[in-house]
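For clarity, chains are labelled A, B, C, D and E in written order, and residue numbers in each chain start from 1.
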Amino acid sequence: MSAAGTLLARELRLVFARGGGPLLALGFFACVAAVLPLAVGPAPGKLALVAQGAAWTALALSMLLGLDRLFEPDLDDGALDLLALGPLPLAFVGAIKCLAQWLVNGAPLALAAPIVEVALGGPPRAAPMMLAAGALGSLAFAFVGGTGAALVVAARRGGLLIAVIVIPLIVPPVIFGGVAIDAYASGQPWAPALALLGAYALAAVALSPLAMGAACRNALG
Amino acid sequence: MSAAGTLLARELRLVFARGGGPLLALGFFACVAAVLPLAVGPAPGKLALVAQGAAWTALALSMLLGLDRLFEPDLDDGALDLLALGPLPLAFVGAIKCLAQWLVNGAPLALAAPIVEVALGGPPRAAPMMLAAGALGSLAFAFVGGTGAALVVAARRGGLLIAVIVIPLIVPPVIFGGVAIDAYASGQPWAPALALLGAYALAAVALSPLAMGAACRNALG
Amino acid sequence: MITALTGRDLAVKRGERLLFEGLDFDVRAGGAVVVTGPNGAGKTSLIRAVAGLIAPVQGRIGFHGPAGPIEPDEARRAGCHLIGHQDGLKGARAAREELLFWTRWTGGGAASAHRAAVLLGLERILPLEVRLLSAGQRRRLALARLIAAPRSLWLLDEPFVSLDGAARATLQEILRRHLEEGGMVFAASHEPLPVAAQILELGR
Amino acid sequence: MITALTGRDLAVKRGERLLFEGLDFDVRAGGAVVVTGPNGAGKTSLIRAVAGLIAPVQGRIGFHGPAGPIEPDEARRAGCHLIGHQDGLKGARAAREELLFWTRWTGGGAASAHRAAVLLGLERILPLEVRLLSAGQRRRLALARLIAAPRSLWLLDEPFVSLDGAARATLQEILRRHLEEGGMVFAASHEPLPVAAQILELGR
Amino acid sequence: MISALVNPLRFMAFSRWAAPALGALAAALIVVGIALGAAAPPDYQQGETVRIMFVHVPAAWTAMFAYAALGSASFVFLVFRVALADAAARAAAPLGAGFTLMALITGSLWGRPMWGAWWVWDARLTSVLVLFLLFVGYLALRAAIEEEQRAARAGAILALVGLVNLPVIKFSVDWWNTLHQGESIFRAGGPTIAAVYLWPLFVMGAGFLAAFGALWLVRIRAEVWRRRAAGLALQAAADA
């Protein structure tokens, strides 16, 4: 088995162990879907208006969960030292971590998004776009979030910083996705927004590994 | 300084260090407030309808953040062993941890809730109830969440269990709070719902320490 | 104030594995017990059992004060201190913060914490974050926490690990003094202690 | 395959503190260096510098292969292995999982991992979660990971910590054999190594 | 110029006269701009409030320019390891935050009469808010890491990553049917704002940029001095 494969296998297991795997993210997601209507109250139709938006937001937030556990444990227990002595550059290691994050949390969330959206009373016709935007968006969130996590780990200061650093970076994809979904649901041209989301996701996948690698190096010293 | 005082001081510092303190929760809260509108889209008024519900949900979720860090680090690095050898029973230790959690995250969230609600375009007249429900609710969330965290740490399984265990436990207070806010905003009788919320919070504060103490003991063995 | 510790017919299990059984020991004020044995024999488990962190599957552990037997939980809350493989120090906090907190938590005061720090030569590093400390400095911090607390029964799990020569000598001196002052030591170690001690050999 | 390691005029800083400067060393295939010195002298820091985890503020570290100098990063990626104060083992995973992963990661195979486990007497505990292992068992697991990997330069930071007599003997034998086979050892230790080695004394 | 920026000594020499010169230029431009702005007729639909534009837009431009400056300085630092570039980045961040805040405030002051709301969650407004958060995040990250070098590198990486936001701000108005003004000045097919407003806008814009430049140079000089002082202190500590 190639080094990358071994590492991916390990990371997948760790994401599972760490967050209970897809179930944490999904649980959180479901929790939002369950809680929001309760909190909004029974008045019919109210919720339906924002169903897509709420689902999309919930997805974005769910992807932020457990980010602070992406690099910190490996740094604290010394695993990062050994990963740095491995055959792959740290940038690659970071990318694989984010990929695992996406496979375990992002993809299931994307699959669940349409369901949640409909469950919240949104128009079923928006479902396909929820799925598409969900898949691309969660990919972007995973990698951008990973970059934030890697930067923050040097500060040994978890949460606040991650939030402050990652939120600005995920706003653009959130906007693009929101627009795409909205446009698709209301029959307006949605392609450009989706294209932008895809471009952002691609850019994130392509560039953030470099940032992660540099950030990890920096944290090790 | 009394043992309880010393411990509280330490826990407060740790919650700060861990999550960047109030700012993590607030940051997450703000993030929801910032992301939701973008996802919902610019069409005015849409959002206003669910403003209170969204704010309340966001508050509930924000309180869940960092729960998994409440007991786990102390268990992993052996601090819990020494806490168990201290003058106070573990139940008390757990209670103090939750109290710190509430002081650092819950109270600020309660204060921020009305602001977020209004920022999302909700009726300003709902603000007082947002504050009241926020304060009581976050107290309940802190203690119930703490219990969940303690149970989970005994089982050595991160997020999944927390989600599964805690979510059902926090649904009742979420409902009570949601109803109270809704009723208050729409001029219906809100006292009963708020009373229920208060009762739940009190029960949580009174009972969960016992559960936490037992769970921690069990985790140590 | 604990003046005697007794174990009778102890048996400890981890998972399904019985580590040892029928173990007896007696420590009186000024006395020491050293637990030896190969890795995995159960030294740490025994120490944790004495500390009340593990329940033995059989036998009983008794604590005695000047005025007769003491209820175990109480004795542990007021009279025991532990140094384990993990030191329970938080990497992100300053060494001083940690030392002060643990000292207070175990009933000591700032003065005794300071004395302990000086004794172990920690003054210079007290302002540093714990994660920045070297292994030995960190161990010394844990030891400072131990001697700063007014507790008579010391449970030491391999106390000499990663200490340099000077620090070892200091620790041996500290142990000697603790025993002279009527304290008790219950230690697990792969190397002999400098004090007369009952040897408990596990794992044969 | 690294056949020589050289350090020239090295200086390492932590925070604002200069730990040492003007340090030179040479290790050839089959040779060993032992770094000694009081706690906090900079042994760990030096080892981490050789591993490329800390950048020295001055001087250079060179790696040589049969065919002349090797680019440091490359040499570290393919030829170095490290045992530090922290072992990088995840408590929630099975010992076997961890051993296999790290062995593969450093270029070894399941077979060599198994051989290493047997050599260190780990068979019985491989199914256990790492957090359940005793300190010494955990250390052995880290050592198994080291010898299972086909890497010639071993960086060992206090490798004997918390090992029992038998395990110490095994490790000494392992070190001897590694050197005979043309490997290199760069170790920090408070106790002498059983092999002829250049001594680097820090902190005087 | 570049070499002067790379070499601290020559930079200090250059900035000693450049900073005050830029400052004077900025003052002059802004005074003229204000005069022109005051002379401009009230807008037929926006009335007097149109004059806010003369502060708002330049502030927004300068904010974006400041982030561009932060980003490029960070790049130079990461790639060429120029210590001075890090000083420049660090110096630019608070200024950028300031101008961004100015754009936000003037914007919402303008929004009240125009849109009947201080704040709307519109893509451009939000992306500017994000710009502000990026500056804050940069400062927070640097503050959170004790060791100078480590903080510098982490900050630089973040600054580079954050560059993605600039195009988002610039084009948000096109990507999303916003309440906010569309591109009306730098757009294909020439500006759509009447010349009477365009000129004061440009003069003010130039003034703001000059002001930023002056303040930036001053702050860099301060940073360089701070580091020299720290270095000397270390020397003293070492000798003692």
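Miscellaneous remarks
Definition applied: contacts are C-beta pairs under 8 Å (C-beta built on N, C-alpha and C of every residue); 3 or more make two chains touch, one makes a residue touch a chain.
Everything numeric in this text was worked out from a predicted model, so none of it was measured.
Steps from chain B to chain E, taking the shortest chain of touch contacts, total 1. For chain D, the chain with the farthest CA centroid is E.
Residues touching across the chain C and chain D pair largely coincide in numbering: over half of the numbers involved belong to both copies.
Ranking all chains by how far their C-alpha centres lie from the centre of chain A, first place goes to C.
No other pair of chains shares as many C-beta contacts as A-B.
When every chain is represented by the mean of its C-alpha atoms, the one lying closest to the mean of all protein C-alpha atoms is A. Chain geometry summary: the mean Cα position of chain C and that of chain D are 30 Å apart. The distance from the centre of chain A to the centre of chain B, with each centre set as the mean of the Cα atoms, comes to 23 Å.
Separation between the centroids of chain A and chain D, computed from CA atoms only, is 37 Å. Each of the following residues of chain D touches two or more other chains: 15, 85, 92. Shown for chain E are the residues in touch with two or more other chains, namely 123, 126, 176. Chain B has residues 17, 34, 37-38, 47, 76 in contact with two or more other chains.
Chain contact summary for the complex, chain D toward chain A: residues 48, 51-55, 76-78, 80-82, 84-90, 92-93, 97, 101-102, 104-107. Of all residues in chain A, only 144, 147, 151-152, 154-155, 157, 160-161, 164-165, 167-169, 171-172, 175-176, 179, 192-193, 196, 200, 203, 207-208, 211, 214-215, 218-219, 221 touch chain E in the complex they form. Touching chain D in their complex are the following residues of chain A: 1, 3, 6-7, 9-10, 13-14, 17, 73-74, 76-87, 220-221.
By the touch criterion given at the top, residues 146-147, 234, 237-238 of chain E touch chain D in their complex. Those residues of chain C that touch chain D in the complex are listed here as 14-15, 37-40, 43-44, 85, 125, 128, 132-137, 139-140, 158, 161-167, 190.
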